[in-house]
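In the two complexes that follow, subunit A is the common piece, with subunit B as its partner first and subunit C second.
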Partner chain A sequence: MEILDRLVQALYSGVLNGSVYGLMAIGLTLIWGSLRMLNLAHGALYIAGAYIAYGVLGGLGLPVPVTFALAVGGAALVGLFIQLILINPILEKPGRDSAALIATLAASIIVQSTILLIFGGQTKQLPPVVDGGFKVGTTLISYQGLVVIGAAVVCLLLMTIFLRASRLGLAIRAISQNMDAAKLMGIPIVPAFVVVMVISAALAGLAGVLLGSILFFTPSGGFTPMLMAMVVTIFGGLGSVGGTIWAAYIIGLMESFLAVYVGPSWALPGIFLFMIAMLVIRPNGLLGLGEVRRL
Partner chain B sequence: MLKVTDLEAGYGGSQVLHALSLHVGDGETVVVLGPNGHGKSTLLRAISGLIRPSAGRVEFNGVDLTRLPTEQIVGSGVVHIPQGDLPFPEMTVLENLLVGAYRPGAWSERAERIEKVFHLFPALAERKRQLARSLSGGERRMLALGRGLMSKARLLMIDEPSLGLAPLVTEQVYETIDEIKRSGLAILLVDENAEHVAGLADRMYLLEAGVLVREGAAADLLRDEALLAAYLG
Partner chain C sequence: MIEANAPRQGQALPRSAGDRPRLRPAARPWAEPSWLGIGIVAVAMLILPWALTLVDGGNYVTHLIITFFVWGIVAQCWNLIMGVSGVYSFGQLALFQVGAFTTGVLSFSVGVSPWVSIWAAPIAAVAAALIIGLPTLRLRGIYVVLLTLAFHELLRNWITTGPQWISGGGYGLARVPRLGFDRLLGPQYERVFYYYTGLVLFGVATYAIWRVLNSPIGLAFRALRDSEDYAISRGVDPFRFKLFLFAFSAFFTGLAGGFSAHYNGLASTSLFDFGVMINLLVMIVLGGWGTFAGPIFGTAILTFLTELLRAFDLYRILALGVAMAVIAVAAPEGLVPVLTRAFHSLFGVLFEADEPPAT
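Entry: the complex of A and B
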């Protein structure tokens, strides 16, 4: 029985990890694909989601689902401000690649410091959307975990449909594949960038809110999820949405299987070793197929 | 319809176009003929706003387009089909066409427009679920033309449609452009081969080193033997 228990444990936490990584990484990859920018504020948006939920819950005492919706909206709003105030002004300037890197790092510091000023540095936790859970063998599967997995799967599906079937989604993919041609189709580039940032920030905020009720968090708690999201994004082939979703679950499962079968301290080093090996063999990522795949 | 007056443009410090003036009338097909590297593509890029003209004026049906962003120029009906197609490689043929109809006025009519494009290019209809990067050179050119027709174009600007194509395919491409012309759309075509455009052009300009050196009815210019010697190669 013990073999089965460990397997259930590894699968459950792997899918849970993968769901959160997917939500985080899809935003990073969208921004990379269209703006060609590494958004170092992504982790700050994640933690902003968690703290906005914490603040709204403590201050206003609204029901948990309403609070979570407000927090996702709040993170999207923070993303909107970052884009309008820090990113848009440097888009047309020479040397925008490094300027964007510095601007997003600055945004991340501003957001984290603001959180620190308001909430202090103690660890916090959010209440779950639903209490309780059930046991499969010795593994406790919480309803909250299932909510996280369900929400992530729904969001990733919606994103895929949005990018394939909507007018705006097609425009975003067009920009990521050939910006000049996209302009000649009459697509306004800068407004499309703003939309991408808002969607990406909302997804990061959602990941923060969902994970905030499972893990404890502090103002700098967005760093590790962002790092994992970067690993996933690179693994999936930068800018490829399909590849990123696959990569999120593969990395999530790999992390939990390493933790369960080899030992928890092997999870992260194992993943990074694997990533280095993969970059040597498939430099364009998992779904690269010999060339860089775009949105 | 389109009126370009004293247009100057270039890249960085080097000026490519010098006080260039031309016009295209309703339903007219105008060809700008010139050797490679003399500013044909720059002309179209300056009209469509991909590069900003340093002086001069571009007017379309009385509206000044000179400093508008590209998406608004496209919105006014001036549609530029660039050299080398620039398809969206990781999109299907159908998705490429849909992006062509991005502007609100065109989007609401996208179904009928796709029907028309497929009627004009049956080969695209057969491959509509295929990724654009899997198409042949000729099919890509057809896709670029079809994508241009998806927007509510009133003037189609086409940049050297025969570039890199086999002779047989080239012939098909110009036949298709002729068909587009007969549908009543105004066309501004830049090309380097007089032979290709002989049957197509109503009026022609000759472009040399960023300056329009001659203008005239296509039939007149094509009768000029010295000229033919220079441009038919």
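Entry: the complex of A and C
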């Protein structure tokens, strides 16, 4: 039975990882697709979500679902500020790529050090939405884990529907296909950018809140999830939403299978080596658009 | 600069076999150095540490200047990669650590003389740079960011969890042998010799970087930046030039890492912290991304300002973030170009005869 136990363990944590990576990576890929910039503040938004929930819960004592909604809204608000104050002014300037890189990195430093000043550097954890769990063999499957997976899948589906069916989603997809043509067709570019940023910040915040009740977090804890989200984004093909969702689960499962079968310290190196190999063979990702030149 | 290589109208082509293209004097500033200026600076720099030993607290200032030498080299090297060649590599600090830990392990755990082992630092850093550079430099922007950050994380992981003789138990090697300068004139003058060593390293690195920036390689990068397609069609191979610059900057970065390890007697894993990387990046961004003087200026400001603001340490990183944000939005090219322009517009009347600054 031990073989089966390990399999269940690997599958469960793989799907859990994949769900969170999906939430993180979808925002990254949307921003990449429309704004053509790498948002290095994404990890800070993730951790901002977790800390806002922690602060609201400790300070106001509101019920957990309200707290989580406030935290997601707070992360979205931080994203809105970043977009309005830092990104919008540099959109039309020359040397935009490096300026955007610096601006988003600066945003991430500001958010992280503000959190550090308010909450201190100790590790924190959020209480779960639902307590308890059940056992499959020796693997403990918590209800909280299932909530995370369920919420992530629902959000990813909603995102896909939003992008496919709504007018705004159509506009965002048009911008990511060809910004100049979209501009000529009368799509208001800058408001669309703001919407993209807010959505992606909210999703990152949601990921932070959901995972904050499973893992411990510190002010700089957004870095590794962001790195993994970047891996997922690249693996799925930059700017491709469908590819990103597939990639999130593939990478999540790969990480947990490596951790269970080879050893926990091999999970990250294994994924990065795989990444390098894939970039050499398929430089545009799993379902990447066949474009010759990307930033 | 660019037309310096091309024949001007009415001139014969300087193209016999083996004949190197001749540059105009303005394009080869190293050929006619201002010996007086160099002499004054050199003498001042040579006297400075001795003067500082006489002043109260001067020892600490000497230490700050040595720190400035170390980070000045690294900032200049990173600027070569980030600013000049436009490769968004975040692996420079990892290369610095490769240098520090190579010489640290060799001299502390193996027992080689530090004067020998320090030369292994740049070699190991160049080797590491080639290993990272070969797969990544063909890729663009975001891929390079990811792979270099991954390299940084993996190296940090590997060193902190590695065997005792590398990790020193997780915090790094705490007793790296020093260079033995205390035996020359007594311990109170030890710092002076570290100062000289740092000065030589800094001077050599700065001169080499300056030469590279004013060489056909620097020209190639300017061409690539201005119009990549045209430069490629004229035979500039971006991959080769980027790989060269990557290895070149790794050499001095590794050397600075080795020197820093022997000066502080410490190869610390805490230098892998993201804050250190941010600090370095702010040095480049503040002074001027892609300029020659920018990183030196930025390093000087940050090294000495950080010490003055030590009492407000908690707010320091926040202030760095705000400074970076302001620079990115208000003056993306950095302080040095802005200040130079302000200076020339203020005092331009006085220097009417001079040529406008070639920036």
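One rule holds in what follows: the second predicted complex is superposed on the first by the 288 of 295 C-alpha atoms of A that agree within 3 Å, B and C clash if a C-alpha of one lies under 4 Å from a C-alpha of the other, contacts with A are read in each partner's own complex, and residues count from 1 in each chain.
Here is the rule we go by: contacts are C-beta pairs under 8 Å (C-beta built on N, C-alpha and C of every residue); 3 or more make two chains touch, one makes a residue touch a chain.
Small disclaimer: the values here were computed from a predicted structure and weren't measured.
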Clash or fit (per the criteria above) of subunit B with subunit C on subunit A: fit
Which superposed partner A:I3 touches (first subunit B, second subunit C, both, neither): neither
Residues of subunit A touched, compared between subunit B and subunit C (which is higher): C
First, second, both or neither for A:R173, with subunit B first and subunit C second: first
Superposition-derived angle with apex at the Cα centre of subunit A and sides reaching subunit B and subunit C, degrees in steps of 10: 90
Partner chain in contact with A:M185 - subunit B first, subunit C second, else both or neither: first
Touched partner set for A:I281, first subunit B, second subunit C, both or neither: neither
Touched partner set for A:P89, first subunit B, second subunit C, both or neither: second
Minimum C-alpha separation between subunit B and subunit C after superposing on chain A, in Å: 14
Subunit B and subunit C footprints on subunit A, overlapping residues: 293-295
Residues of subunit B defined as touching subunit A within the complex: 48-50, 69-71, 74-75, 79-82, 86-91, 95, 98-100, 102-103, 107, 147, 151
Interfacial residue positions of subunit A with respect to subunit B in the complex: 164, 167, 170-171, 173-174, 177-178, 180-189, 293-295
Complex interface listing, subunit A residues touching subunit C: 32, 38, 85-86, 89-90, 93, 95, 97-103, 105-110, 112-114, 116-117, 220, 223-224, 227, 230-231, 234, 238, 265, 268-269, 272, 275-276, 279-280, 283, 293-295
Complex contacts: residues of subunit C adjacent to subunit A: 82-83, 86, 88, 135-136, 139-143, 145-147, 149-150, 153-154, 157, 161, 274, 278, 281, 285, 289, 314-315, 317-318, 320-322, 324-325, 327-329, 332-333
